[in-house]
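Going in written order, the chains are labelled A, B and C, and every chain counts its residues from 1.
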Amino acid sequence: MNNEYAIELKNVTKRFGEIIANDNVNLNVKKGEILSILGENGSGKTTLMNMLSGIYFPDSGQIYVDGREVTIRSPKDSFNLGSGMSHQHFKLINVLTAAENIIWGLPGAERIKMNQIVGEVNALCDRYGFDLNPTQKIYDRSVSQKQTVEIIKVLYRGADVLILDEPTAVLTPQETQKLFNVLRNMRKAGKSIIIITHKLNEVLELSDRVSVLRKGQYIGTVPTREATVESLTEMMVGEKINLAIDRSEPGKPELRLDVRNLTCKNREGISVLKKVSFTAFSGEILGIAGIAGSGQKELLEAVAGLEDIESGEILYHAPDGSIEKLSEMAAAEIRDLKISLAFVPEDRLGMGLVGSMDLTDNMMLRSYTEGKHFFTNRKKPKALAERVVDKLAVSTPSVETPVSKLSGGNVQKVLLGREIASSPTVLMVAYPVRGLDINSSYTIYKLLNAQKEKGASVLCVGEDLDVLLELCDRILVLSGGIVTGIVDARTSTKEELGLMMTGSKVGGQKHA
Amino acid sequence: MELLLTFLQKAIGQGISILFGASGEIITEKSGNLNLGIPGIMYMGGISGLMAAFFYEKYAEVPHPFMGLLISFAATLIVSALGGLLFSLLTVTLHANQNVVGLALTTFGVGFGNFFGGSISKLAGGVGQISVATTASAYRTSIPGLSEIPVIGPLFFSYGFLTYLSIIVALSMGYFLANTRKGLNLRSVGEDPATADAAGINVSRYKYLATTVGAAIAGLGGLYFVMEYLGGTWTNNGFGDRGWLAIALVILALWKPINAIWGSFLFGGLFILYIYTPGLTRATQELFKMLPYVVTIIVLVVTSVRHKQENQPPGHLGQSYFREDR
Amino acid sequence: MLKQNEITVKEPLFRVIKRSNISMPKAWFIRIAAAALSLIVCAFVVMSITGDNPLSVYLGIVDGAIGSKRRIWVTVRETLVLLIIAVGLAPAFRMRFWNIGAEGQVLMGGAAAAAIMIYFGQSLPNGILLIIIFTASILAGLIWGLLPAVFKAYFDTNETLFTLMLNYVAMQIVTFCIVFWEKPAGSNTVGIINAANRGGWLPSLFGIDYGWNIVLVLAMTIGMYIYMRYTKHGYEIAVVGESQNTAKYVGINVKKVIIRTMMISGAICGLAGAIIVSGASHTISTSTGGGRGFTAIIVAWMAKFNPFAMILVSGFLVFMQQGAIQIASQYGLNENASDIITGIILFFLIGCEFFITYKVELNRNRKEAH
């Protein structure tokens, strides 16, 4: 049977408890084409693809592969039907080598013939233009290499349909281009590729057709050549929205943070920050860019007193002119000195908040030590929780709801709301809009701008360079724990940032 | 010299039960299941082998040692595998907490062993100590000829077949985990079940199989104790806490079955050192009996202080996995 | 247009869905149903061994647990001991510190109590003696809890195995002591300590033999509820238990909280040792803990660390254990039958939590709907 479509989904529905993740979705992908699935975070893209790859089972609806109706009960069924998924969060095991990661789960001779497998993997790499050493363990690899392993894993299984979930989220612009070339090679070889993304530029550059999801609903499919950024956004969000972020000019900047030659080592003794120096001023947003794992997290944690400092110093210049050496203080001492330093960490439910606790108890995290009493006082935290819910329009049944039951955007509002409640002079945020839909993201940007206008010094670690360039006043770029440049966001380009992220210092000076 | 030889011989004899238990627990833990029910399962394995042999010898007209061996061996494997199956049912299918299920299983298993061990003769209508001498003699048969060589004979060839089986099991398990596809799959299940699942590995099946097989292997430790060590009798709580030592040995061996072999001999030696140390009073003997536990604690502390990447437990040890958890 | 018989794989028969929430009555209905089911299975087990009908088995259980005034008091006494150990474990587990060393902590507390009773039982007035006994027991338990906590806090040493091993070290310490305390000589048992003058025995209160036991244990239970729920310490324990990262982030001294909480946990278990030795058994042996240190772990966990729920769970378990002991003696069985019965009940109670957290749905066969 010869069929135009490699895969067709008809009226597929999936619920999680009361949440409908996919509601009667229809979708198809032709042989030898690249299809983009576009949607905001939480629109159900990943859930849909997880049903194709057998991780979830649909509540209703049909799936056709090559014109035949099939039931995909497990990832194994999915592989047998010739489709494979490369996940956003890499499904790799750190303590194994690349080759071991590629072959496990596959049938074959019980005794593993490693040499033969390494040969096969190398042949695949040559064919499509990958660059990989199969015998290296996963834990000492860069993110782009891990991604390569993910994709080869799917190809090695002989998949004709590749599903890539947010493949460029962690790549530099240059690495993204390299990946796109590989994908085009695969299309030439007759493979079907489904790429899940929310980056409009990539959709327009790479794919043949675009299917759009919104809040679990299937909105429609358009050929890419007929689409524009504006038309796709409208399909994705359901209304026309202004994508520009208002950026005000910094008013009267005063020095707040002065970081000098900061060096930090991790538990294994490897330097994660090397002689980092910069200054941050009141009334400005300093962006921090870099490939994932370049030291962004450690930098913020060092300032917050959560990281052991090897050498260097962090000086805090209070509005009243006094200077405190933060580098010699632990988080508790900074808190006890009433230095209003707020920090919204990347891991919201694992660090910033306690998922199983309600809003009130989460508000109390910052303030429970107040007073000499042995007993806790929940009055003030409760009032704060109610204020945050009210002011930031947090959608929650009550302040007694555990925060883990809230959606990503609301979780972030609760966290940010608590952190800005103390009117911080320094506000540090890490990936503030990760996992949030567009409307929530813009609410967060507005909140950050409001803090900046109130005179806070805002440090913002971000991954979307377009957003950083629009939101920030200056951008600091980290590469392997080294500052490769601090640039003016108003005059820089994405390409310049990308080059610095890979280790090139400003002015073309190469750095190891 | 003579004394040292006896000491080594006895140390090995003490270690075999622990080695079976540790091997069983290693393969279980490699699948991400921390089965604290192993001590109970070893009791169950021991008593079921003994009971099977007892009823065989009671009802067979002329009991044949080899038949007794086969029947008791099979009974041990089946009953202890059932223990592992129960653990898997509760923790894998019903997502119950592994520590709690394990402790309940140990309560149950020790009770099971002592109950039947204490009342088997009464239930069977007889009185006095049960003894399955015929079957036990088959378990105690050592390699003829070789065991008569001086020094080497008693040290290496004077044991029953279960001793050699325990070492073969540990060695082949080491090979299985390192060099086979199924071993690789099993390790990945223990490291990261979500990832293994996405790669098409049937996580539940691996967990069930590893835990059940692991329990069966551990049960042999109990069988060894009643048959070869005690010579076919039962004393309530006689097996003691060897099951817990087996779990401790897994850590000492850094989850590698080959390390468990020498580790078990070390434990066995510590276990009986008080008998061979001259000049001990009754009181100081009791202090010597603390040694295996104190050594385990020291090893535990030292490995945690050193914190080496490759010596860490399986990544997902002790946690249950539910595919649609979100 | 497509041929349906080309479908090669079938749908799974069941689907498991996480419940978003479950009403209290429904949850308790599931638990009670599981308990009932476990009783039926237990009755079948006893029946198959004894050949008697299930009704008389149940009557035997009830009779054994509450059949006479003395039996009621034994059941109460045993419940109190199990309860206070579970109460002691609660803060440690709330902190996700797997303290399975309660058995050893109880033993150390008991040994300390016995030592004071033996060495000072004849010379000190009872009031002062009791104060010393309880202080010594609490300290002994505290030290046994402190050791693994310090290593956990500073080196992240696995506490499950550390506390487990300490149980056996404690047992050896007790056997070591028995060598000096044995009475009569050579018996290898301690016998009833101070049987003549009752030195160091908890006196009766309001004319009730175990009055002090009741007061002490209930006071600890209520105190623990308040401590975990309404104090800053309790809040810190909860934060550390849920996420050490969050705790560090807000400036909680995680090491201090681990050590402090385990000192409290060990101290209460040590107190339990004193209650057993001074308030009930008046002797010491390696089985003074009697496995209750392990059973209490299950009690604490099944009660979801709520001290009041622990009263129910420990009461039910002891009721069944005492009943099983009666059954055993009634039919001339070995007393270990009660462990088997406890085990079966636990399996059901543990297993039923699944049906409270998840919902199982039967998949309708899609083909028939066509």
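In the analysis below, contacts are C-beta pairs under 8 Å (C-beta built on N, C-alpha and C of every residue); 3 or more make two chains touch, one makes a residue touch a chain.
Model, not experiment: these values are computed from the prediction.
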Centroid comparison with chain B (C-alpha atoms), farthest chain: A
Dominant interface by contact count, named by its two chains: B-C
Chain A and chain B, separation of their C-alpha mean positions in angstrom: 46
Between chain C and chain B, distance of the C-alpha-averaged centres to the nearest whole Å: 26
CA centroid of chain A to CA centroid of chain C, Å: 44
Per-residue overlap in chain A, given as positions that touch at least 2 other chains: 16
Chain C residues counted as touching two or more neighbouring chains: 17-18
Of all residues in chain B, the ones touching two or more other chains: 307, 324
Chain A - residues contacting chain B, complex: 16, 53-56, 74-76, 78-79, 85, 87, 91-96, 100, 103-112, 139, 153, 267-268
Touching residues on chain B, where the partner in the complex is chain C: 36, 86, 89-90, 93-97, 99-101, 103-112, 114-115, 118-119, 122-123, 236, 241, 244, 247-248, 251, 282-283, 286-287, 289-290, 293-294, 296-297, 300-301, 304-305, 307, 322, 324-325
Of chain A, residues touching chain C in the complex: 16-18, 57, 60, 64, 67-73, 77, 304-306, 330-336, 343, 345, 347, 350-357, 361, 364-366, 368-369, 373-376
Contact set on chain C toward chain A in their complex: 2, 4, 6-12, 15, 17-20, 230-236, 238-239, 242-243, 245-246, 248-253, 366
Chain C residues within the chain B interface of the complex: 16-18, 49, 98, 100, 151, 155-158, 160-162, 164-166, 168-169, 172-173, 175-176, 179-180, 291, 294-295, 297-298, 301-302, 332-334, 336-340, 342-344, 346-347, 350-351, 353-354, 357-358
